[in-house]
Structure formats: C-alpha cells, structure tokens
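Structure in structure tokens, see below.
Letters A, B, C and D mark the chains as written, and numbering starts fresh at 1 in each.
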Amino acid sequence: MSIEDVSKEGTWFIEYNTPFSYHVRGIKRVLYSGVTKYQRIAVVEFEDIGRALILDGKTQSTLYDEFIYHESLVHPAMITHPNPRKVLILGGGEGATAREVLRHKTVSEVTMVDIDDEVIKVSKEYLPEMSQGAFDDPRLKLVIGDGRKFIEESRDKYDVIILDLTDPLEGGPSYLLYTVEFYTAIKNRLNDDGIIVTQATSTFYALRTFATIHRTIAAVFPIARAYHVYVPSFDSTWGFVIGSLTHDPITLTPEEVDSRIRSRINGELRFYEGAMHRVIFTLPRHIRAVLEDKTIKPATDNNPTFLPA
Amino acid sequence: MSIEDVSKEGTWFIEYNTPFSYHVRGIKRVLYSGVTKYQRIAVVEFEDIGRALILDGKTQSTLYDEFIYHESLVHPAMITHPNPRKVLILGGGEGATAREVLRHKTVSEVTMVDIDDEVIKVSKEYLPEMSQGAFDDPRLKLVIGDGRKFIEESRDKYDVIILDLTDPLEGGPSYLLYTVEFYTAIKNRLNDDGIIVTQATSTFYALRTFATIHRTIAAVFPIARAYHVYVPSFDSTWGFVIGSLTHDPITLTPEEVDSRIRSRINGELRFYEGAMHRVIFTLPRHIRAVLEDKTIKPATDNNPTFLPA
Amino acid sequence: MSIEDVSKEGTWFIEYNTPFSYHVRGIKRVLYSGVTKYQRIAVVEFEDIGRALILDGKTQSTLYDEFIYHESLVHPAMITHPNPRKVLILGGGEGATAREVLRHKTVSEVTMVDIDDEVIKVSKEYLPEMSQGAFDDPRLKLVIGDGRKFIEESRDKYDVIILDLTDPLEGGPSYLLYTVEFYTAIKNRLNDDGIIVTQATSTFYALRTFATIHRTIAAVFPIARAYHVYVPSFDSTWGFVIGSLTHDPITLTPEEVDSRIRSRINGELRFYEGAMHRVIFTLPRHIRAVLEDKTIKPATDNNPTFLPA
Amino acid sequence: MSIEDVSKEGTWFIEYNTPFSYHVRGIKRVLYSGVTKYQRIAVVEFEDIGRALILDGKTQSTLYDEFIYHESLVHPAMITHPNPRKVLILGGGEGATAREVLRHKTVSEVTMVDIDDEVIKVSKEYLPEMSQGAFDDPRLKLVIGDGRKFIEESRDKYDVIILDLTDPLEGGPSYLLYTVEFYTAIKNRLNDDGIIVTQATSTFYALRTFATIHRTIAAVFPIARAYHVYVPSFDSTWGFVIGSLTHDPITLTPEEVDSRIRSRINGELRFYEGAMHRVIFTLPRHIRAVLEDKTIKPATDNNPTFLPA
C-alpha cells in the first residue's frame, strides 16, 4: 500500500485532555495502523508537526518535539548520577529513550523492557529517527515482557532506572506502575546511589495525578524531585519525578551540569543544558501548592492514581 | 501493511456541506489512501456506515447506502427507455453504476469512460461489493480517458447515457461536464429516442446548483425532469436530472414501472420500484419554486455552475 | 443584554446523531439560554439556517424548515379526519403545531398541554414566527401540566390528538409517552372516529425506535400508518405514526387531499399537498423491512423504547 | 435575560492555532456577546477553566490563569526599573494589567489608553475579578482613544510603558503597534532610564513572529530581552519582549527580585517571584536559534509582521 496524502480529505486526529477540552490536528498521512495484543498503534504524519506515534489514541511522541520530552526524561537523572554504567529502561518502545541513554559514554549496559514488540517493530520501520540505530548498539539488551514482572523477578542492580510508561489510565496497562509497591520493588533493583525517573503526566490537565506520583515516590525514596517542561505536541507542560537514594539533582549548578554534559555525552543536545536543568526544577507557586497539599496520598496497588479521563 | 482499527485513537472524517455546517464521522480503519494524477483517493471504514470511497475529501459512496444512490441514478432512465441496448457511462469508477446497468437484460453493450484507472483499481481491491464482477462482464468496454473528449470525438450512438460525475467544484475536474455545450455534445451521441441522466448535487445544500443543472438540460433537451432521493451518507436529499428526446419518465405509472422491472432486470432491487419512481419525481413546493425561478440561467462553458464551497 | 454576532468568535453547536456521527453548525448569535424546572432551553441563530429552538441540546425546530416538520405532523391526520372540531395537542411549546391546527376552519377548540411554560414564553419572545399569534386565538386553551397526567385524568373527548413530544431519551421526560399504556389512555380520549399522530424520531439514525413506535401504535389502534419526510435541520428523514379508529390516511387520493385542503385550510401551505400526502406514506423497502421485522415488540411502561444516544 | 447553562446543549468554542490545529472547549454559559465599533466581544464561562474574555474570536484572558499572563507582563519590567512612578498602559481593557501596576507602591500615576470603552464596561460588569477596583483607583487616568495616536501626540514622559495589545493580525487593529516606527515613538515618551514591555505572541505557534518583535525592539532599544511563560488557556508558551534604555532585567538575581517584591508590591503574588524571574528569561535552544536567525528583519510600518492565521 502506498503512503499518501489524506489530510485534505478531512482526516483529523482528536485527542481529549478532559471531557470538556480537546485538541484537533490535521492528518497528512496515516503511515501505519494496527492492533497488537496490548494496544492500538498508529503512525501518522500530522500537517503541522510531522510524524507521530500514537498508542491507544494518545500521542506518545512526534518528530517535531520528541527531543524535548526524551532529553528531559533521560538526562537530568543520568547527569545527577556521578557515573551511570548500568541503566534499565521500562517502556520506551520507539527507541528514543535508549538513544539518549546510549549517548552517555559512562554507560556499559542498557536493558530495555517493553511489553509490546510490535511498537518497536513499527517504530523502527516508520520512525527510524526515533531510535537512530539504538536497537543495534551492542550495549543494548532488549527484553520483551512485562515491566513489573521483570522488576519483581530480576536479581540485577542498576545505577539508573527510567520509567517511560504510558499514562496511568483506568483499565489501561500501566496504572500499577505508579504505586508504592512498584517503586519499592524498583528501589530494590538500584545500586546504593541509584536514581529513578518517571514521566508523570500533565502538570496542567492532570496536576493532582502529577502530585500523587511525586507523593508516592517521596514515600519510597529519601529524595524526590518533581520537574516539568512544555511539550507542544502534548498541549501542556509535562511532569517528571526523580526518586534518588543519595544524589540530589537540585544541588547541581548550571556550570556543573554543563561540565558533565561536555565530558560525558556524545553529540550535541537540542534542549537540555545547565541553565535548563535549573529552569525545569523551578515549579511555579500554584503547582508547588498542589505538590504540598496534605490531602494527596501516595498511590498504592489497592488505591492507585488515574489520569482524569 | 495490515489494516486495522484506528477509530478509537480519535481519527475522524470531517466533511463540510457549507462554510458553516459540517458532518463528522468516526473512522474505524483507513484501508487505502493515495494520490493519483487526478485526485486524492481514500477508502475508509466508518464506524457507523461501513466502508466508503472518498475522492478529494468528498464521500462518493458507502456500502451502507450506495444502493439508494446507484439504483436511483440508473434505473429511472433505463426503465423509461423502452429497450436500452447500448449504454454509455461517464465516471462511475467504483463500478456500481455499471453493475446496475448490466442487470438489464436488454443491454448488449456498456461503454464506461473514467479518467482515473486508479479509482477503478482501488475500488476493485477494497470495495469489491461495489462492482460485483461488473468489470469482468464481457458486455462492458472500459475506456480510460477524458469523458468530454470521448464524447466530442466519438462517432458511436447510445440509447442511454449516464453521467456519474464528481460535483462541479470550482477548480475541480468536472465543472465543464455540466454545461450547455457538453449536454449538446452528449445529445449528438444519442439515438433518436435516447435518454441521459446526471447526478445533480444536493437539493438542500446546493439547491440553486441543482436548479441550474435542470435549467441547463432543459435548454438542450425537449424533456427535462428533476428528481431526488434521500441519501443518508450524503447528509441530504440528492438530486438527479433526466434529459430525454422522446420518452417522459413521469408518464409511467407505478404498475408499468414494476412490470418493466420484472421483465427486464435480473435479481432483486433494494430501493427502486414502481411506487418509488412516482415518489422521487414528486418534489416539494419549496424546491419546485427554485426550479421555476426565472433568474436561474443555463450553465455554459463560459459561465459554469459551481457547487457552493 | 444586547444580542449580537458571536459566530466568528468560534461558537459552534455540536449535535450527536450517534456516538460516531455528529453535525456541527456555526452559531451567529445566542439569543437566549436558560434552565427551567424541566430542561435546558436555548434560542440561537445559526449562520446557515437561522433561528432555532434547542431543548436539552437537541434542535427542536428552526425558522428555516419548521414548516416541513409542522405541516407534516399536523395536516395528514387532520385532513384524514372528515371533520376535526376538537383537537388536543401534547407538547408543541413553540406554538407552531397549534398554529397549523388553527388554520383548519372546522376546528372549534384546541387544547394544548405543555409541561413547561418557560418554553412557551421564550418562544413567544424570541421566535414569534413560530406561533404567529396562535396563543391569542380564542379557540386555544392552554394547559401547563404533565401530558400523561392530563390524559389519564381528563374526561373530555377529541377528534384528533397530536403528540408533539421530545424524543424518548433514557432518563428524559418523554419516554413514557411512547408506550402501549399511554396510547391506550390516549385512545380512551378519542371520539369514535378519532385519530392520533405522533412524531416518531429519525428513520435513519433511529430506525428501530421508529419501527417500535409504529408497532406500539399498531398494538393499540386498528389502523396504524407510518410516514416520513426529510427535515434538513434534523439531518435526516423524520418519522411520524398515525393511529386511527376508522379513517385510513392511505385511502385518500391526492385529489381528495387537495380538495379538502382548499375547502378546510386557511392560507397557503408551504409543503403539504395532495401529491406529497401520497409521497410521505411511501416508505422505501429497507425501511419497510424493519417495520415488518417480527423481533420488534411494542414498547410498554416496563419495557420502553429509547432513542440511541 | 437570565444567564444559564448552555454547555450540555453542545455549545463549544473553537480556536485555531494554525490552519491545521485547533482547540475546542466546552462552553457552560455565554454571559455576554456583542459587537463594538472595533471588535466582537464575548464573555463566556468555560466548563473547565471558568469565565473568559474573548475578542474577535481569540481568548484574551480567563479567570483560571490570567494571573500568569498579567503578572508576567507587568512585574519583570516594573521590578527591573528602580523606581517606577509614572506608568503608561496601552490596551489592557479588562483592567488586570492596571491592577498589577497599581500594586506597586512606587506608582503615583497610571495612564491607561484603550480604544474600546465597551471592553472596559463589559469587563467591569462580567469579569470584576480582573480589575478588582483598579478603575476606581485615584491614581488611574483612563483615556479612550487610539494608542498610536496618543503616543504620537503626547508630550508626557513615563518610567514604564506596557503594551497589552491584541495580536498583530492581518487586517486587525494592532499590527502597526509592533513596528520600528511605533517603538521609536514609544521610546520618545520614556524618561531617560525608561523601560517598555510588550506581549509578543506564542513562542510555539508563532515563533518567527515572536522573534520579529524581539528583533524590532532590539533595533530601537539598546537593551532588548525576550522571555516566555506557559499560559494554559493560550494552549502554548507565551512570549514577551522588554525594551530598555539603561536597566537590564537579566542582571537581577533572584534575591534582588524577591527583595524588591517585598518592599514595593502590595499583597501576595501568585506566579512571579525571584526564581521565576530567572526561569522566564531562560529560553530553550531551539527558540534561541530562531531569535538569532539572521534572516529575521525588524518589522516596519511598510513591512509589518503578522501572526500566522
């Protein structure tokens, strides 16, 4: 089947942020659409912001601005760690998270666990810019399987664990990957000065979910730091939370960050840098107020947090 | 590429009727999308009304209700003619118009002229229910080429000529196929008791265009009869106009129509029948008023009619 | 508050036909919006089709085409009856149904029962073209109250009863006005040769609901006749069902209908006429097939029919 | 007219960011809509983000997040100036910009020039939270008139001039308020150490327009500094540019900013603070790259910059 322009035929992608708010984007081409055992996958080319991976109707990443999301997910934790050698990624099927991790010269081994090998196959074929050869790097060990099960059965230890998961949707595959129980299991897989980071949903549309993830990580880790960046294709500022055993990202000066980038990262970054490290950890008052709200409780397997529908 | 569900990922088809009115339909699957030398083609499966052919962003026909459109286009003219043997179809790439013509036992030869063989190829592959083998019928002669040029150069004569064309859009490929000059050329290709019929756009959203097509055919043919049917997937009642040299469709009683159907048409019809023949030629007052509006002039090559954008 | 153009500010009205199909219309002005004890009311001016009454998010009637709906609701039953003098209307708050009934010279008394006097007040102020003075006609008796209660408690008898009700939505105020029990109570309020008529939802989007209403009336009345017309602002053909004790609408010839119109109706009609009477009772095969479907059962208070959401 | 819920009736607000991207928000109530000599005004209550002022179809500010926009517009320039006493505001009809300026204890006189007194009247009635009494402050001098004309004819001098204008839309009222000629006239109305600030459109959807405004101010002022904040209701990060004769905002430390806030601003801020001052002036690489693009030229009266439609 040839892959061609359908946009002016009036094919649009509608993505709800809340029941009363949605964004509509013109689709230029549908490059791929399919259903796996776990989810629906589509690769579309938007008129304005280029090719994108969509899972279960949610935009995961676009060529236009995936660098903002992936650099912000990976580098703050990796740079905060003094010498990250063994890294574990859960999720991240498009390969861009692995790509960013593998740029670190310190890294000797990356294990990536994704439940759905179809996402990886489709991304390699239709979005090769995402992985840029990461799947062929000899340091990468790819495991197809359930992330939580892997964590619970593994005996290995890691310096950095990166959780690049889909949002905690009610009935979705990921909501048990944002709980005290899960983070405790994760902590057990860290070396003594290990660090984890997770994507943590929208700090506008899902601010209380973001705050709950922060609260949950703070219940398990001695150091928990929330940060956020504006990701245009997500139509919002997007949150992340770092959990750390000894190293605290906010003690790094911009100069230290830039120095570590220079000595440890191959190639040139497009978003992350020393000054930006400081910026993203500086949350505005109205977000801090929710992070400090005493009524927000850690999420547990029995009482998980969900993204507002 | 596998063909799978994308609808719940939020892919919708938006079709404007006017600048201030549009219809939105959930897409279950995009089966095909491509661009030919002449137009954009898509075959989608709608959630509610099944598979559909879309050309340049306009729904052409759907499996759900194409029988209403195609039976209404073909049979009133064919049944009005006492013995249609040679039939010419301009357009009709999905093959459903040919399918309906070939059901007439009187027919010995059908020439179908379509400019775009890609439409035919795609329809045969993704919408085989449309043609139901019509393209393999030995009576069908398929010509890939420009309809107007064919008409102007042909020396053949036909009993019935069926114009199954796209709407007269400004800048589109079809607006010169709705003019006095074109209908005159068409008339020259008819036998002495020949009949033509054309689709004639929406009798709600484009009522003056419909009336202009009627006025244009009335300027060329001694008998001109407008009729319309409700086609759900077109979101409107849809118009047709018959131009005839001697036979008048409205003189047929329902009983005569049913008798001709029984003796001349193979298989069972799903929409057209004697009672319906009378219904579709009975236009409501407010439509008749526009048909009789003296300010409406025949369309000419220099002063064509266009569908409101 | 002044009433002004808001349309280009991007205010649009979205009305769903089904979960996968909706129509969007540009709003020029919001003339009124409010909430009564029973429902939400809005009067808007659409860009394309003018002022409209909207109840609970459903377009009830527009100045553009209300004549099609109201003439089709009122006149077939009224003309079928040989001498309608006493008429009962349930619903019809905008006053257009009463307006059409009062045009009949035979009518000496019209009782109109509507639960919501706010709808009447708003319609008189913002849509005076609907009632055209009907509320001031000395023959009109207006009762504010529950239609079903009125029917069950009334001792009066009527020649024609017209049910101009909102659709049978689950949880809405009207779904118990489409049941065997209700039609039986209605029948008890008819004179010996009385006739009722009800609106009966879309014959495209809600075809089985339409068929169920027909089946329900056929379970109560010796004569039950379904018919439909295309109403542009409803985006569909719209159904009606007549229940009759002795007179059968389909036995009237177009000539008889035209003759009764001439002698009995004041002013000029815009849609209904003898030829159209015959047209609207002629349903296409695929609709007849559903009307005849043996699996469709009459609706009862315990097992009502609902419009698909 | 009562003001009531219309949202569930399906009234939605559609705002385009680009021809292929738009946001849709549910409207709970339309509180006001009208047309002035200059523009269309609406005050609506959105389901998710509360009451909002809409001019010519563009959301100007919402109660939900106007504090982010207005604090970011006003305070960086005011705090950078050592002792702002006389302040001029062009635009800002809802009164929130004046409100923030008047919180500064140093301020003895604020002149606000808005072309459209209807915007002010409507905002005072339907959005009193915006001005919070600012229009009654004896230090405020309100001038109804054209901003550019006022600047060109005035002989007064100001410490800070704040340009709270609508976007430079082609054919709109504001595009000549973003040119070298206009900024030169503005500069002539500044005291020797004066500062100006203007809103500067979206740094995502209109990045080149933002960069052009920065380039234009840099052509007129010795110091030009661009900054941006994420404004949820604008669906984007939003840009601002400061032009300054002697004081440079980026030389202030967070501690100095916080100290000036404490000594000079009444009441508590909700967004702006020392740390945030530093954050907003830190633009990401991909935005800096466009700001430094040599092909971007200053806008002039003859060659103005426009917002992409």
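Keep in mind that, in the parts below, a contact is a pair of C-beta atoms (placed from the backbone, for glycine too) under 8 Å apart; a residue touches a chain by one contact, two chains touch by 3 or more.
Please read these numbers as outputs of a predicted model, since none were measured by experiment.
Student: Going by the contact rule set out at the top, which chains touch both subunit A and subunit B?
Tutor: For subunit A paired with subunit B, there are no chains in contact with each.
Student: Using only Cα atoms to place each chain's centre, name the chain farthest from subunit C.
Tutor: Result for the farthest chain: A.
Student: Rounded to a whole Å, what is the gap between the Cα centroids of subunit C and subunit D?
Tutor: Taking the mean C-alpha position of each chain, the two centres sit 52 Å apart.
Student: Whole-Å distance, subunit B centre to subunit D centre, using C-alpha means?
Tutor: Each chain's C-alpha centroid was found; their separation is 55 Å.
Student: Between subunit B and subunit C, what is the gap in Å from one C-alpha centre to the other?
Tutor: 34
Student: Indicate the residues of subunit B shared as contacts by at least two other chains.
Tutor: none
Student: Thinking of each chain as a vertex joined to the chains it touches, would you call that graph a line, ring, star, complete, or other?
Tutor: The chain contacts form a single closed ring, each chain touching exactly two others.
Student: By the document's touch rule, what are all the touching chain pairs in this structure?
Tutor: Every pair of chains in contact is listed here: A-B, A-D, B-C, C-D.
Student: Would you mind writing out the residues of subunit C in touch with subunit D in their complex?
Tutor: Going through subunit C, the ones touching subunit D are 1-6, 8-16, 27, 29-30, 32-35, 40, 42, 44, 54, 56-57.
Student: Which part of subunit D faces subunit A closely enough to touch in the complex?
Tutor: 7, 18-26, 46-48, 68, 204, 230, 232, 235-237, 269-271, 273, 275-276, 278-279, 282, 284-286
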